[in-house]
Amino acid sequence: MALLPKIEYDNASPEVRAVFDDIMSTRKTDWINNIWKVLANDPPQLRRFWNEIKEVMAPGRLDPLTKELIYVAVSMTNGCDYCINSHGAAARKAGMDDAMLAELVAVVGLANKGNRLATGFQVEIDERLQPRR
Amino acid sequence: MALLPKIEYDNASPEVRAVFDDIMSTRKTDWINNIWKVLANDPPQLRRFWNEIKEVMAPGRLDPLTKELIYVAVSMTNGCDYCINSHGAAARKAGMDDAMLAELVAVVGLANKGNRLATGFQVEIDERLQPRR
Amino acid sequence: MALLPKIEYDNASPEVRAVFDDIMSTRKTDWINNIWKVLANDPPQLRRFWNEIKEVMAPGRLDPLTKELIYVAVSMTNGCDYCINSHGAAARKAGMDDAMLAELVAVVGLANKGNRLATGFQVEIDERLQPRR
Amino acid sequence: MALLPKIEYDNASPEVRAVFDDIMSTRKTDWINNIWKVLANDPPQLRRFWNEIKEVMAPGRLDPLTKELIYVAVSMTNGCDYCINSHGAAARKAGMDDAMLAELVAVVGLANKGNRLATGFQVEIDERLQPRR
Amino acid sequence: MALLPKIEYDNASPEVRAVFDDIMSTRKTDWINNIWKVLANDPPQLRRFWNEIKEVMAPGRLDPLTKELIYVAVSMTNGCDYCINSHGAAARKAGMDDAMLAELVAVVGLANKGNRLATGFQVEIDERLQPRR
Amino acid sequence: MALLPKIEYDNASPEVRAVFDDIMSTRKTDWINNIWKVLANDPPQLRRFWNEIKEVMAPGRLDPLTKELIYVAVSMTNGCDYCINSHGAAARKAGMDDAMLAELVAVVGLANKGNRLATGFQVEIDERLQPRR
């Protein structure tokens, strides 16, 4: 059970409703998932997180699907079940199919292994691999 | 300093040389970076890790650039300096420019934050977000 | 389900009961939560962990509420649901209200993001920021 | 070496300089540490991160020292050397002395252990510890 | 609920069945646990992971029980409930009893604490502790 | 550079010297590595950590080499360079050779991958794998 109550739209302040409305219209959907209802207990935090999501996950030099895949990869590495499910669903919406999901998990698994091989053996960074600045 | 000595090509067994040759020809390069030289102390582990990298990072339903970005995202999350530099270089080769790197870090940072908001508040997974199986 | 059975007070050895009694009298409560019942399978481990909790979490240069907030912050970062709930309850007892919890999560989220920005870009530590020793 | 060049004030765009000026005046200091110079490669990310730091770390229901201690605790848990040093220095400025630092590390160490005892034994959350909502 | 359907033996392709058969005969058991059924959605990934498990976890310079204990220790550190249960069961089969499990958790807890003491205080590696190569 | 000064034996209080003496006699060595010198800034923390190390890492149902391997495995997973080097040296003393180190890293890498496959696909724990209590 969440540590703070879920604020439903009908009981929300105008400030919170404005964010909820923006989430629904940006995502072209008519419902709000739990994390936003919990964040609504702290309206400035709700606003900050939503604005950051909207800015960072928007199309840029990386497309939205790539961004969602990266978000899910981090969530799998950290073991955040909520995030794997919510951003997994967002990645599906953005075009991820079963085969892409399976490849995503394969890369995430490989990277988590490779990280420990490099750290475990305490491998020094090759001079040639360092950025020249 | 690495916990095991680096095996250079000239001192390597035929089994190890075969892997080193495959790495260089697959990557169209004439040198071998440190992690492979350290892994060469355990030839079966060298072979396994290289074969997995070759299979998993190859073009599939996800393209090689996307896969390298995911690999780097995981490495940033885990704090593996060697991997951030080596796979950062690989991502550069595959097409990542400065602006894409900056967006990658922004998504990685956001996901690491989002993971802790969801976990920190102990948000329950919405019924609608769970896969229907 | 826990990997070892929960030892209830009535079935506990005198050694375990002594720790349970000390937990209840120190905390001014009449019940024992699950982690202690599981640790009771290994009485020396039970004793060590309880003594450490009692010493480390006691008022010192940092007050008990600050210490509980730090404990919860670490637990949110590591994704330990049991610890978020048990030390979240302890923090409530020590004075944490809803607004403080929301600020705690905001700092934890921000720090987890900031950690990945610094590591992701491989930022070098400024000479001026290093301790002079 | 950082993956992107450090943008110095003298070479910065007006947009970046405005953030640098705000950092220096808010912190009552005349220099800028490395992370901001690297983030300056992506001005919107620079702005977002600075605004979030300014809002979240400001006095609220938790005081600035408590917030810095929490930030450092998370950074120690994640092993971010840059952040331990930069926010360690900020915590010193906000009043942390050697004894408080030692207690902070003791709590961080204890929480990281406690998290693994609870998870390692797969302890179930006690009904009484769950929030009533 | 898993993100991909579980493929049961009766509905599996010959390629998948061959791996399932090998798992059951290697482990001298007549059933397949969930992770393999999910991995069966991506037969090459199923084959790779099973072959790696079979090679790496086999008796070598370290015996199978020691390897399972190490696997469980990592899983406890990462908070992977599935893995703690599945490899905990494998460790039991290989000889782990309740007292060994309790000692395992004690070492895992201690190491997680020790890691944060060393990192938290930013302790430099002693010259004498570094490998001479 | 460490965040607190290193207390050398000659400048240490009797309380700290007693712990240093016990470390040296228990380990049959004539020097003290850096982490103890830093912990000496907080004598009760020094005493607690040393006593716990002495108790937990002593021969029990698991032998000292197995315990050191588990400690190193956790340190590799968390990326604690100090701990990988210091407990790597302790494992060497307890009998770990190059081949065992290579197998250790292989298991640590595999477990870190396996953890993310199980979590990434959100695999449910099989009824049969859960402990019967």
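Annotations
Order of writing sets the chain letters: A, B, C, D, E and F. Residues in each chain are counted from 1.
Throughout what follows, a residue touches a chain if its C-beta (ideal position, glycine included) is under 8 Å from a C-beta of that chain, and two chains touch if they have at least 3 such contacts.
All values reported here derive from a predicted model rather than from experimental measurement.
Under the contact definition, chain A and chain B share the contacting chains C, D, E, F. Under the contact definition, chain B and chain D share the contacting chains A, C, E, F.
In a homomeric contact, the two copies may use the same or different surfaces; for chain A and chain E, under half of the interface residue numbers are shared, pointing to different surfaces.
For chain pairs C-F and D-E, the one joined by more C-beta pairs in contact is D-E. Relative orientation of chain C with respect to chain E corresponds to a rotation of 120°, obtained by superposing CA atoms and rounded to a multiple of 5. For the pair chain E and chain F, the distance between C-alpha centroids works out to 20 Å.
Centres computed as Cα averages put chain B at a distance of 27 Å from chain F.
Residue positions of chain E touching 2 or more other chains: 1-4, 49, 52, 77-81, 84-85, 88, 99, 103-106, 108-110, 112-115, 117, 119-122, 130-131. If the chains shown are joined wherever they touch, the resulting network links each chain directly to all the rest. Within the complex formed with chain C, the chain E residues making contact are 79, 84, 88, 98-99, 101-103, 105-106, 109, 122.
Remark: chain D residues 76-77, 79, 81, 84-85, 104-105, 108-110, 112-117, 119-122 touch chain E in the complex. Against chain A, in their complex, chain E makes its touches with residues 3-4, 41-42, 45, 49, 78-80, 131.
The residues of chain F lying in touch with chain C in their complex are 1-6, 44, 48, 52, 55, 130-131, 133. Residue ranges on chain A touching chain B, taken from their complex, read 1-4, 31, 33-35, 38-39, 49, 52-53, 56-57, 60-62, 66-67, 69-71, 73-75, 77-78, 80-83, 85-89, 97, 99-100, 103-104, 106-108, 110-115, 117-126, 128-131.
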